[in-house]
Structures are given as C-alpha cells and as structure tokens.
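Right after this note come the structures.
Here come two complexes built around chain A, the first alongside chain B, the second alongside chain C.
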Partner chain A sequence: MSTVLLDGTEQLINGLMYGCFYALIGGGFTLLFGVLRRFNLAYGSTIMAGAYAGLIPVYLFNAPVLVLFVTTIVVSVLVGLLVEFCCFRFLRKGHELAPLMTTIGMLIVIDETIVYLTDAVGFKYPAPFGDESLALGPFLIRPDYLAILVVSVVSFSAIFYLLYRTRFGRAMRAVAERPDAAQILGVSVRHVNVLTFVLTSALAGIIGFFAAVSVGSARPEMAAWLTGKGLVVMVLGGLGSFPGAIVGGLALGVLEFEAVWFLGSSYRDILAFAILFLVLIVRPGGLLGTRTA
Partner chain B sequence: MEYYVAIGSIIGIHAMLGLSVYLVAISGQMSFGQQGFFALGAYLAGLSTALWGLHLLPALVLGVVVAAAVGLLVGFPALRVRGLYLAIATFGFGEIVRLAFLNVRYTRRIGDRVVGPNASEGFRHVRYIYDRGITPLEYLGIILLALVVVVILFYFLERSKLGAKLRAVEEDEVAASMIGINVTRVKVFGFTVAAGVAGLAGGLFIHYSSYIDHDMVALPLAIASVTYPIFGGLGSFVGPLLGAVALVGLTESLRTLHGAREFIYGALIILTMLFRPRGIVDEALVLRVKGWLPLRAARRPAPAP
Partner chain C sequence: MRRSLICGAAGLLAAFLLWPGWAVAFEGEGTVRIGGMWPLSGPASFFGKAAFGLASLAVDEINEAGGLVVGGKRVKLALYSQDEACVAEQGLAVVKRLATVDKVLFSLGPGCSSVAEPVFGTLQKKLDDRSDTGLQLLFFTDIATKFGLAKLSPWAFRNTPDEPGMYDFVVKYLKEKHPDFKTVMVSYESDFAHSAATWNIALKPALERHKHHQVVEVVDWRWLDNEFGAQVTRLRKANADIYFSLTHTPSTCPSLRELKRQRVRPKIVVGITSLAGTEVLQQCPDVAEGVIAPSNFAPITPRAKQVADKAWERYKADSNIHSVPAYENVHLMKGLIEKAGIKNTEESLLSDRRKVRDLLATVGTFQGVVGKITMRPEDDPVKPRDVDKDLLLVQIRSAKWDIFWVPDHLKQN
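The block that comes next holds the complex of A and B.
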C-alpha cells in the first residue's frame, strides 16, 4: 500500500475513535436539547468541574483511578443539578433567549470558581491506559483512544436501551415530542427534566474523565473547547437527534484527523467551524435531522 | 484620572458592541458573531494606519465598510436560519474569523518593530495615536464622538419606518410578510448595519490598545457583547448603553474582589434573566416612560399591538 493511503487509513481509524468522544459530547448536548428544547451552554463547564473534582481524592489519598472516575461522575451530576435549579427551574416560559443567558451566567460562575480555586493551573491527570501505542497490523493506535471507543459504545448502548426500552425513556421521548400533551397524560415534566439532567451530567462525568486523560491534564480551557465541539456535533447531526449526534461526532472526528494529516494542525478548528457554518446554511436540519429551522 | 479615561474608553467601545448585538436582536435574532466583525474592523483599520499610512478617519471608515460588506455576504445565507440555529451559525462565523487571523501573516519591518498581523503573535504596534501625540483623554473624546454618532443613528432608526419593520419582524415574521414587509431584506439590512457598528468598535479598539490578538476576539467577547443588550434591555437602544455602563462599571469596581468579580457578574446575569427576561429596559418600561411624557403620547398615538 502506498504511504498516503496507509497514513490516510491510520488517521481514519484514529478519527473514528476520537469521533466517538465527540459523539459523546454531542450526545450530551443533544439529549438535553431534545427534551428541554433549550441549549445548556454550561455543559462544558459541568464536564470540566467533574474532571477537576475527580482529582481531589487522587491528590489527597492517592486513590485509584476507579475512585477518580466515580468522583468525576458524582460531582458532574451534582453540578448538573445545580445548573438545572439555577438556570431552568424558575425561568418564565416564552423567552427563548433567557435560558441561553442563564446558562452563560452559570458558565461564568462555574469557570471562575474553578479558576479561583486552582489559580488557572492545569493539573496532571493519571494515564490509566499507559502511553505506549498498540500495533494493529501496520497501524499504531493510542490505548486511551481505544478505551474511548469501548466506553462510547457501552454508553450509547445504555442510552439507547434507556430511551427505547424503559418507562423513563418513553416519558422522556414523550416530553421531547409534546411537553403539554405529556403533562396531561400524567408524565411529570419537571421530573423528566431533572432526570434528564442527571443522565446527561453523568455522561458529562465520563466525558470529563476521558477528555482529561487524552490531554494528560485537567485544564481551564477545556470548557470552551468542549462547548465548541459539542455545538458543532449537535448541529452537524441535527438538533435533538441522538443518532444524528453519533454520526456527526464520527464525521467530525474523521474530518479533523484527516485535515491535521493532510493540511496541518492549524486548519483543524477552522475546518470544524467552516463545516458547521455550511451545514447550518445548506442543511439546517443537520445530517439526520428532520426538523427544519 | 488615567484609570477613569481607560474605563471610559472601554465602556464606549463595548457600548458599540452592545448596540451592534441589539440591532440584530430587535429583528428577533441573536448573534454570537459580532466579535468577528469587531476583529475585521480592527485588523483593517490597524493595517490602514500602521502599514498603509492612512489618516485615522478613512482607516475607521474602511474598517466599517469591510465589516459591513462581510456582514452583508454572511447575512444573506445565515439569516435563512433563525433563533438558536442563527446563534450557533454566527458563533461559527466569529470563530472562523478568529482562527483565520490566527493564521494570517502580513508584516513589515518599520524601524526596529515588526508591524502587522503576525499570526498567533497578534497585531502589535498600532502606534497611530502615540505618534500623532493624541492623549488618551483626547482619544476618549474621539470614541465618545463616534458613539454619539452611532446613538443618533439608532435614535432615528428606531423612530423610522425601518425600525418599525424590524420590530414587526421580531414580533411575527409571517404576519410581517403578510403586510408586505420583505422579511429577509429587513433582517439582512439590520445585520449589515450591525456588522458595520461592530467594525467601528474594532477600529477604535485597536487604536486605543495599540494591539489585538485572536484571544481578545474569542468567546468571552461574544458573551460580553450579548450580555449588554440582554441585561440592559431590548426595549430601546438605551438598554445596551445602560448594560455596557453598568456591567463594565461593575466589573471594574469589583476589581479589588479578585475572584469574586466574575462570579458576581455571572450570578447577576442569571438573576436578571429570572426576574426580567427582557432585560432592565424592556418594552413595558419603555411604554411606561413614554406615558410620563404626555406631549409625545398626545402627538403620536401608540401603535396597535
């Protein structure tokens, strides 16, 4: 095989694995948007808060990675509930921009709290999967990417099961479809909203863990970066479409990795946003979305 | 004194950004991309004075024209989508501009300095106001003069037929098009003018600070510009002005509090949205104030809702 083809394939594999990570982020945004019809711009900050908090037991008690992982999820859920309480629960209906602004306010509050507590320093993260690349035939594969792939598949399966095979999932889809009708039929919309926050925030914990592991540290820039990618993936796949988020995430991952390889790393982010802009204009419903703007 | 001049300059520049977002907002749209036009205006105006040796006025005009032209080009396709979609699309645009400037290198050696956009180094040494001996206080005067011009423009725009059309589009696009308003044209017009205003703010900023880089036109600036009109209110152009004065003033007066400063800022946004989702100066307040001015109310009957 020629080198170009070989390199292209290696980047394709890496892109697909990293795309799983993007799909997780987009999935979190999408689930919330699907149910509440509102953006949660504080989602990136929720993820970051979890990632930082997970380090506390490690630094204090030298706790194992599993404890770190669980702490990340627990703290993310707590922060997510705080976001729901402060930004959504008491908001008046009918103002589309108000929730956008409250979550921006929350984004600032969470980010600044973390910056204040950590002096804006990155904290080193353990590398539980080692840092030696695995050889798969002629291709080299990073072990943490492989872990991301496995965890993503497990998470997505769990979420699909939850959405389509459980009572709660049915309630969630009902609220997403028609909140008023769901309420009349005895579904507690508030209940579903809170549980959706718990679910997406638990996902945020998983994302935070892997984001920090793949970079090697918990950093204050994480929040903005994750929010940007999440929005791109969500739009790419179609707002509110969960399968769309998976497709969008994989597509973005592959595109970015190929772009880095063939065009250079400075084009990576610009490409992502150019695609975002084009998709919004040409196909506002996204790749798999049915709803039009 | 110098400190207050600096704060005054920042307030003036940010008020223009707030007005820019406001103009998009009163046709019912939300833009998170005005910092992109701000950057365009800043780079163009900076290039004009620092490299091409232009006077400040034509430099600012060039920045405004280019920003507005790009606004027109972006507005046509982008305004086909609305609401949250547009918010993301405009943010995407802002990031494209920012990342483009992160990669642009166009420098010249002047004396012992490298002047011009220098990729991630930013655009340094725009020394126009220092070289001409313009004091910060005089430059504050220039900024405020520009702001007054913009405010007068907004004052007449709000009272014009076009202003009414913008509000009509916000209220109900279908109804607006039914009575013969070309919705797209009205929205694109608002977006273009808004882009020009943001470009003006950028041109004034780069000469104020002598320096700009891509980090200064990232998400935080987008958030700040959106916050002024939303916090200050969408009922009248007084809203974003009030928002800029109050919020920039607040962050500056809380400087001694260090970490708590931004925290209070964020909390304030949340509380405002919970209690006044249309900002402090909302439509109800504007109507009430107009009611206090009996002469005005008598001369011009309130339009039917």
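The block that comes next holds the complex of A and C.
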C-alpha cells in the first residue's frame, strides 16, 4: 500500500472512531430537539458539569473509575433536570425561540459557576484505558477511542430499541410528531419531556466521561467546544433525525482528521464548515433530514 | 404600592449616585492607586491569578512596612485589579476603566500578548506629541511575553522573559552538549500569539543562526484543541532527536500524552517558557517528566524560596516565570513613586504618570527576586524598555520542577 493511502486509511480509522464521539454529542442534541422542537444550548454545560462532578469522589475518596463514571452520569442527569425546570418547563407554547435565550443563560451560569469553583483550572482525569495505543498492522489505535466506538454502538442500539420497541419510545415519537394529538390520546407531554431530559442527560454523562478521558482532564472550555460540535453534527445530519446525527458525526470526524493530515490544522474548521455550507445548499434539511426541515 | 416602590427605588438610586463618597478624590484616601489587568477568568486565569497574588503580596509587604512616603505624607498602596480574560475586546474595555474610572497611577499586566498588543496600541505613540490623543497610562507588564510589544508605545515597559535570547541559549547549549542530536521537530499553537511568536521570532531564527540542527517537522494546533492524533502521527514519522513543544499547558498535556500513546520518544523535550509553573505538574506530571523549560525564576535562592512560600501561604499563588515579575515590579515602582515627586491628586494624575514613567525609563539595573535585572534604555534599537535577566533551565523530575542549569554566579547562592 502506498504511504499516502496508508496515512489516509489511518486517519480514516481514527476519524471514524472519533466521529462516534461526535455522533454521541449530536445524538443528544438531536433527541432533545426531535422531541421538544427546541434547542437546548446548555447541553454542553450539562456534559461539562457531569465531567467535573465525576472527579469529586476520585479526589476525595480515591474512588475507582466506575464510581467516577456513575457519578458523571448521575450529576449530568440532575443538571439536565435543572435545565428542564429552569429553561423549558414554564415557557409558554408558541415561543420557540425563548429557550435559546434561557439555555444560553443557563450555559453561562453553569460555566461561570464551574470557573468560579475551580479557578478555571483543568483537573487531571484518570486514564482507565491506558496510555499505550494498540498496534493493528501498520496502524496505531487509541484504546479510549476503541472504547468510545463500543460505547457508541451500545448507546445507539439502546436508544433505537427504546425509540422503536418500547411504549415510552412510542410516546416520545408521538410527542415529537403531534404533541397536541398525543396529549388528547392520553400521553403526558410533560412526563415525556422530563424523561427525554433524563435520557439525554444520561447520554451527556457518558459523553462527559469520554470527553475528559480522551483529553486527560476536565476543562472549563469543554462546554463551548461540545456545543459547537453538537450543533454542527445536528444540522449536518438533519435537524431532529437521530440516524442523521450518527451519519453527521461520523462524516465530521473523518473530515476533520483527513483535513488536519493532508491540509494542516488551520483547514480543519474551514473545510468542516465549507462542507456544512454545501450540504445545507444542496440538502437544506441536512444529510438525512427531510427537505422541508 | 407599585408607584411608591418605583419612587423608592429611584430615590435610592439618586442617593447612591449623589453620595459624596463617589466624589471623594483619591488623594483623600491616603492611598496611591495602582492597577493590574490580568486574565482572572477563562483558560489563562492560572497565570493571571498567580500574577495578581504576587502583586498583592508585594502591596501587602509595602503596606505592612508602613507604606510609602508621597509629598511628605505616609500613604498606602491600593491595588485595583481588572479581568481581561485573555480577550482583546475585554482588555480594551478594562484599560479605559483603569485609566479613567479607577484612575490608577500605573498598571501591571496585561497577561496575554493577544490583549497587550491592542491595549498598547491605544497608548500614546510619541511622548509630548499634542496631536497624539493616545492614552497616557504607564504599563509595567509582567506576563505578556511576545517579542517586541514594548516597542508599540513609550508608555509600555516590560519585565518579561527575553525569549529570543533564551532559545538562542537553549539551541547553543544543545549544540554543545549534544552535538549528535541533530534533528528537530516543533509544535506550536497557531492561535496563541505568544506560542506562534516563540516559534517564528525566537526559536526558528536561533536554529538558523547556529546552523547545526535540521528541522524535520513543524506541526501546529490551537491552544484549546482536544485532538492531536494527526499532528502527533506527523511527529512520529519525523522521529527527531529533539522536540520543541512551544505550547501552553492546556494543549501540552494532551499532546504529550498522545506522543506517549504513539510511542514517540524524542531524546530531549524542550517546552515553552510559560510551562515552568505548577499547572503542568497538576495536570500531567507523568507524561511531562523530563521536559526542560527555559525560565527566569526557580526557588533557588533564600529570597526566592521565601517569596514563593509566602505567596502560596497567603494567596495560593504560584510563583513562576510570569508571576514573580509582578512582585518585582511593585517593589521597584514603590521606590520610584517616592522619588518621582508626584502630588497624588486627581488633577495631577497625568503629570504624575509622566513623572513616574520618565523615572522608570532611567532605572538601569535593579534587584529582582533571583538576581539582577537590567532595564534596556528607550533608545535601544532591539528591545527598548524591555529587561535582561538571568536565564535558568528547569526540568520536571519526579513531578517537580528542578534545576537543570543555572549560571555560575547563581550557583554560589
């Protein structure tokens, strides 16, 4: 195999694995948007809050990584419920843009609280998957990225099962499509909304854990980065389309890795946004979204 | 009820605004106001808070010793600090506040070179030029390290590392001590003025000047990036003897970890000057073990140890290459303020600033925490109003910064 092809393939593998991580972020944003038809810009902060909080038992009691992982998920769910209560529950119908402002406000509040409590210093995260890459033929594979791949497949399968094979999933889809009709048929829209927040916040906990593990620290600037990537993936894949978020995430991951390798890091975001721009011109609804979305 | 509430609130506001306390001139406070603008929030706040802590310690020491004598009266120093957050726009806003609202005699900071550049751009370009309406506020900078910043205005002075000199020494040192290490690879942060300047203005010319090393790979990333795989693969393929990691802790730690993952093992790793603090030790002491950094500060003298301990005890402030100059600057300025013959009134503020500026321009050599520091004159063609000071090389050993090399005259201490 030629060097260029080898290099390209290595970046493709890394990009796909990292793309799974983007797909998880985009999936969280998409699920919330799909059900509520509103943007939650505080989702990145929910992820960051969980990542920081997960470290508390580690630093205080030298707790094992499993406790860190569970704490991250639990705290993310609690923060997610707080966001739902403060930013969504009391907003009147017909004010779809209002949550943009309330969740931006919440994003700033959570960010600044963490900056205040931590002096904006990153906190070292454990490396549960080790610091050595695995050699697969000519390629080096990061073990944490491999873990992200596995966790993503498990998470996506679980979410698909939940959406299409359970009573709650049916209720979620009903609320997403026709909330008024669903309510007439006895579905509690508020109940579904709250449970959607619980589900996506648990996903936020998983994302927070892997985001911090992959960088080696929980850092205050995580929120802005995660929010940016999540929104790009959601729009690229198609607003409200969960399979679209997966495709969008994978596409973004591959695109970024290949761009950095072949063109340099300066071209990473330029290329990603240029592709996003093109997709939106050709398919305004995103890769797997509806044309009218 | 509602009307009376509104009336009450308006009354309170009016009373607040008309309260004579607002109008009390600062000379009546028995203080000399000095300012400081550092990144006190955001990703660069580690350095800003450390500099603020060291400046506060110097102010405490001066005030505890009785303050300073101005116009025959004993007055205290009062530090007015503002957060520039490493954001240029915020820096431009707070410099106006320091100059016109806080009415400080001079200011320490800024912290980030990307803030210092536009802030110094707003200062007067030519002294005594009436057509130049630039701000006449003296800056004595401690952190913003990018080469050549003090050239932007005669009101800008810096006690910051001389990076071209430092990296010239490092290259020369490596050439002499390890003549067999010939290949070099470099990483820097393309969106961080200090990092990019360290490569382009300090290290690259030094490597070219000494004509010994061959640069086989240069990669860049952004300082808050999260993924370094592709760039580190390039470094892996380059497999150079020496790796210059000219990046700051937020990207240094994950990139060094990625180097370890990809089994890249350069024989020597040299970091950026800013690395020589405790932040890297908190975040990734394991992967940073063995990294060497040029610095101007390490607790190698009794005085340096005392200052570092005191700063940590009182303010939990890290004494490092960027924060200790804030301490040195305040102590130097105390003496200058006493000598300058300022009136310390609101009306005399502009002329007071000028007197202190002119005196600072004539300082020459003064005592720093580690050794002597020399301020270059205004007409210096290369680095006007910048300093020369002792260079040390420090290395991370067993998760602590340790001395790697010091000049002979400091060894005797």
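The criterion applied here is as follows: the second predicted complex is superposed on the first by the 291 of 293 C-alpha atoms of A that agree within 3 Å, B and C clash if a C-alpha of one lies under 4 Å from a C-alpha of the other, contacts with A are read in each partner's own complex, and residues count from 1 in each chain.
Criterion: a residue touches a chain if its C-beta (ideal position, glycine included) is under 8 Å from a C-beta of that chain, and two chains touch if they have at least 3 such contacts.
The structure presented is a predicted model; accordingly, all values stated were derived computationally and were not measured.
Asks: Putting chain B and chain C onto chain A via the overlay, clash or fit?
Replies: clash
Asks: According to the contact criterion defined above, which of chain B and chain C contacts more residues of chain A?
Replies: Chain A has more residues touched by B than by the other partner.
Asks: Scan A:266 for contacts with chain B and chain C and give back first, second, both or neither.
Replies: After superposition on chain A, A:266 lies in contact with both partners, chain B and chain C.
Asks: Once chain A of both complexes is superposed, is A:115 in touch with chain B (first), chain C (second), both, or neither?
Replies: After superposition on chain A, A:115 lies in contact with both partners, chain B and chain C.
Asks: For A:277, using the defined touch cut-off, is the partner it touches chain B, chain C, both, or neither? Pick first, second, both or neither.
Replies: first
Asks: Between chain B (first) and chain C (second), which, if any, makes contact with A:221: first, second, both or neither?
Replies: second
Asks: With the touch criterion stated at the top, can you tell me which chain A residues are shared between the chain B interface and the chain C interface?
Replies: Looking at chain A, the two contact sets intersect at 112, 115, 266.
Asks: Using the touch definition up top, name the residues of chain C that touch chain A in the complex.
Replies: 41-43, 45-46, 49, 190, 219-222, 224-227, 229-231, 233-234, 249-250, 253-254, 257, 260-263, 279, 282-284, 286-287
Asks: Report the residues of chain A in contact with chain B in the complex, numbered from low to high.
Replies: Listed in rising order, the residues of chain A that touch chain B are 39, 86-87, 90-92, 95-102, 104-109, 111-113, 115-116, 224, 227-228, 231-232, 235, 239, 266-267, 269-270, 273-274, 276-277, 280-281, 284, 293.
Asks: For the complex, give me every residue of chain B touching chain A.
Replies: Touch list, chain B to chain A: 25, 30, 77-78, 80-89, 91-93, 95-96, 99-100, 102-103, 218-219, 223, 226-227, 230, 258-263, 265-270, 272-274, 277-278.
Asks: How about chain A: which of its residues touch chain C in the complex?
Replies: Residue positions touching the partner: 7, 10-11, 14, 18, 112, 115, 119-124, 127, 131-133, 140, 142, 211, 214-217, 219-221, 225, 256-257, 260-261, 264-266.
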